[in-house]
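Report on one structure; see the data block that follows.
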Amino acid sequence: MRALPPGLRRYAALAGLCAAVVLVQVLLSALHAEQYLVQLTMAAWYSLVAVGLCLLMGHTGQVSMGHGGFLAIGGYASAVLTTLAIPAAGASGTALLLRSLGILAARQDPATGADALAVAPWAAFPCALLLAAAVAFLVGIPVLRLKGHYLAMATLAFGFIVSRLLLGLKFCGEADGISGIPAFRLFAGLAVSGKKALRVPNYYEAWAVVALACFLSVNLMGSRTGRALRAIHGDEEAAAAMGIDTARAKLSVFVLSAVLSALGGVGIAHFGGGIGPGEAAVLKSVRYVALVAAGGMGSLWGTLAVSSVLTFLSLRGVFGLYDDAVFGAILVAAMLFAPEGVPRALAGGARRAASLPRGRGRPA
Amino acid sequence: MNRALLEVEGLHHWFGGLHVIDGVDLSCPEGVVKAVIGPNGAGKSTLFHLIGGALRPRTGSIRVGGKETAGLPSHRMARLGVARTFQSSRLFPGMSVLDNVLVGLHVRGRSGFLADALLPSSARSEERALRARALEALERLGIAELAQADAAGLPFGRQRIVEIARALAPKPRLLLLDEPACGLNNSETADLAERIRAIRAGGVTVLLVEHDMSLVMEVADQIAVLHYGRKIADGTPREIQADPDVISVYLGAADA
Amino acid sequence: MDPVQVLQYILSGITSGAVYAVVGIGFDIVYSATGIINFAQGDFLMLGGMIAVSLAPHMPLSLAVFCAVAATGCVGVLLHVVFIRWLRSPAVLRLIILTIGLSILLREAALHVWDEKVRALPFFSGDETSSLAVLGARVSPQVLWVLAVAALIVAGLGLFFRLTLTGKAMRACASNASAARLCGVDASALVTLSFFLSAALGALAGCAVSPITQTSYDMGTPLAVKGFTCAVLGGLGSPTAAVAAGLLVGLVESFSVSVLPLAFKDVASLCILLAILVLRPQGLFAGGSRSLKGGNR
């Protein structure tokens, strides 16, 4: 590690992540256990929320209890746009123009079987992210002036509102959500879709996005901006006195984390083929907080590790009926015993255990 | 007399029914150390908050280098070359001394949020330059060896010096010191007096709020006395010592 | 809208508002004593109702309610003693997340003990068909019970804080814990007492409202959010202000049904909360008195 120039050292962990991702896939394919890739892919998309929250909560110290709402906004926006059923017969001139540009794509209306037009996934994608960014911007401006309990409650209320809206609006499918979401075709035959044959490519697509998010985070954390964010976390008033525009910085991180969550939502929607209002539920949002808390607030890799493992286990149904209870217990245990995060606590414990037998402890 | 770097005119501020600053006029010439003293509750801290941008005055004008700054938020004040320290040393917890000073240099950096996220290399040369400046700032105050120490874990006296280094790093025009001698023993206070003289020699104008009269008498070129939100005296230390209003207000507290 | 319908909305709003007010008061009791916002506050109402429902077939209703209140109070004590008491000056963020985790655990425990079926206590007087005529509208006598319980809680707390030594000691601790300790007040015991009180009173309200709105394992979180709205609206520190705030929230929510689809009933009160937090976090009534530590600057 020391041989690397300091600039590259921070990417060592990122390289480790990529290596681990490849290793796991090769292993699972060799063991004919590729079905696990499905949950690992979903865990990757969900982890985007945790990465964004790590920047927001861990680094900048702003708690958000409603980030599931942003994942839902992203996922639903893409879902709604790509499952529109504009009748192809008798379509207007604008519609035909958009069709020729590829912005609208042909599909079959599931209700009538007739030819219909919907927004192509690649065109819906920027709309979904923009919508999430816009909502985060508008909500963030007033809400980020709050601190502590007020901020927690305000973000909780936000998540609640999104959840209720999704449950109540007809075009969002109410309690059933939206299904039949088409595959998101990328380039060179790659696509984000649930097709069994595309399991391995989808796994890499999802983790590539996570790696990109981590790349952005690592850059940010080690930069002047990252330092400013940590200063805001440490002492907001003093940070302002140093010339940091704290309101703007907090808003920027909030919007970034919202866009990352929305990105995860788009991935989930197209990979799973469907999305439901449960994604915005309070319990889901609290889960992400649990993952970041247990991972060690500001620790990106700790958060990612905890997030991938726990989300994978949860999706595999390992916790069964006690799923929510497990995350609640993790929250409580992490806050009581390992506020600096489980990985760091374990590492500290291991270090202490390793130094015990030598008896070289200095006198008190 | 040098031209005034800081001019406060007709400043009024109140909280609810309490008129905390009641028509204060103050001017601080460039390159001078000016102390603001007064009994508890005189409004000294409020005055600092108003000048520093943490509070917006109800009425009145504050000018720094001729530019009107009343009501500008703290971060804008920093960009105009006004730096400040706090009464209870507020170093950023969980960060090293060097990182603390680097935050002080925030105003001297230009890379934006997006650039920092996407392009590490462009930020890096700027980062190297900032680091060099930060180390230089620590060296100037003689604490370069503390660079990697955990800032919040230092003894209080050292924390104070780090805070001053952090405030001075961006080479401000005006330095606001909020009770810098608070919590320091006699030898540390003498050391502080030396440092303040050195800061003045470096061309920085200093405005300080202080209770410790020995420090004030040692370093101040000018002293302004506040009482119940009003300025009751303004002049050289000798003039202030002889001023009957000041004496009656302090009742012989001149030998602190 | 004809006058009778308006009256129905008003009565419905007052009923739910009274419940929200009690939740808000519960928040306030604990906050005054400890500076902690206990997110599990709403779940105490749920627990009270559920326990009473389980006990009701085996004993007179009043005894069931009494036992449920006492048991929930003990749960509150447990929460403090086991999870919170031994933390040494924890960060605000840590406490928030901790109490949210505790709320989830309570909720999940209830799910596993009682399953997801909705339950209801028998009506305190009469049954589900009995109704009284009030100015042309028909109202269940249970509504009067809910209002009576809320009034009893507010009045009782007022007397307790003003007249009893323990109550005065609690208020002293809220103002200045170290000074109170120097006078010989056992601050830690008082904090535990505050948890007991907030839990027990919440349980009482939960029992009173159970016949009307039913009790389900997941009713705690929405109640907590709305109760917090009352606590903030009323400006923490005044039970009467919390009641006024509760009535406001309840009425807005109730009337919102006439303009919004029923599915969005919660959205109205949530928007109130957001608006208040952003515009005037020190509350509408308190005249800018206490606001949360670490609140809006």
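So that you can tell them apart, the chains are marked A, B and C in the order they are listed, and the count of residues begins at 1 in each.
The rule we apply is simple: contacts are C-beta pairs under 8 Å (C-beta built on N, C-alpha and C of every residue); 3 or more make two chains touch, one makes a residue touch a chain.
Bear in mind the structure is a predicted one, so any value in this text is a computation, not a measurement.
Asker: Closest chain to the overall C-alpha centroid, by per-chain C-alpha centroid: which is it?
Answerer: Going by the distance between chain centres and the overall C-alpha centre, it is A.
Asker: Counting C-beta pairs in contact, which chain pair ranks first?
Answerer: The chain pair sharing the largest number of C-beta contacts is A-C.
Asker: Relative to chain C, which chain's C-alpha centre is the most remote?
Answerer: B
Asker: Mind checking the centre-to-centre distance between chain A and chain B? Centres are C-alpha means, answer in whole Å.
Answerer: It comes to 43 Å between the two C-alpha centres.
Asker: For chain A and chain C, what's the span in angstrom between their mean Cα positions?
Answerer: Here the centre of chain C sits 34 Å away from the centre of chain A.
Asker: What whole-number Å value describes the gap between the mean CA coordinates of chain B and chain C?
Answerer: Once rounded, the distance between the two centres reads 47 Å.
Asker: Contact residues on chain B for chain A in the complex?
Answerer: Within the complex, chain B contacts chain A at residues 52-54, 73-75, 77-79, 83-84, 86, 90-95, 99, 102-104, 106-107, 109, 111-113, 116-121, 123-124, 126-127, 130, 166, 170.
Asker: Which residues, counting only chain A, touch chain C once they are in their complex?
Answerer: 57, 61, 63, 65, 142-143, 145-150, 152-154, 156-158, 160-161, 164-165, 167-168, 174, 282-283, 286, 289-290, 293, 321-322, 324-325, 327-332, 334-336, 339
Asker: In the complex formed with chain B, which residues of chain A make contact?
Answerer: 7, 216-217, 219-220, 222-228, 230-231, 234-235, 237-246, 249, 252, 256
Asker: Of all residues in chain C, which touch chain A in the complex?
Answerer: For chain C paired with chain A, touching residues are 37, 83, 87, 90-98, 100-105, 107-109, 112, 221-222, 225, 228, 232, 261, 263-264, 266-267, 270-271, 273-274, 277-278, 281, 292-297.
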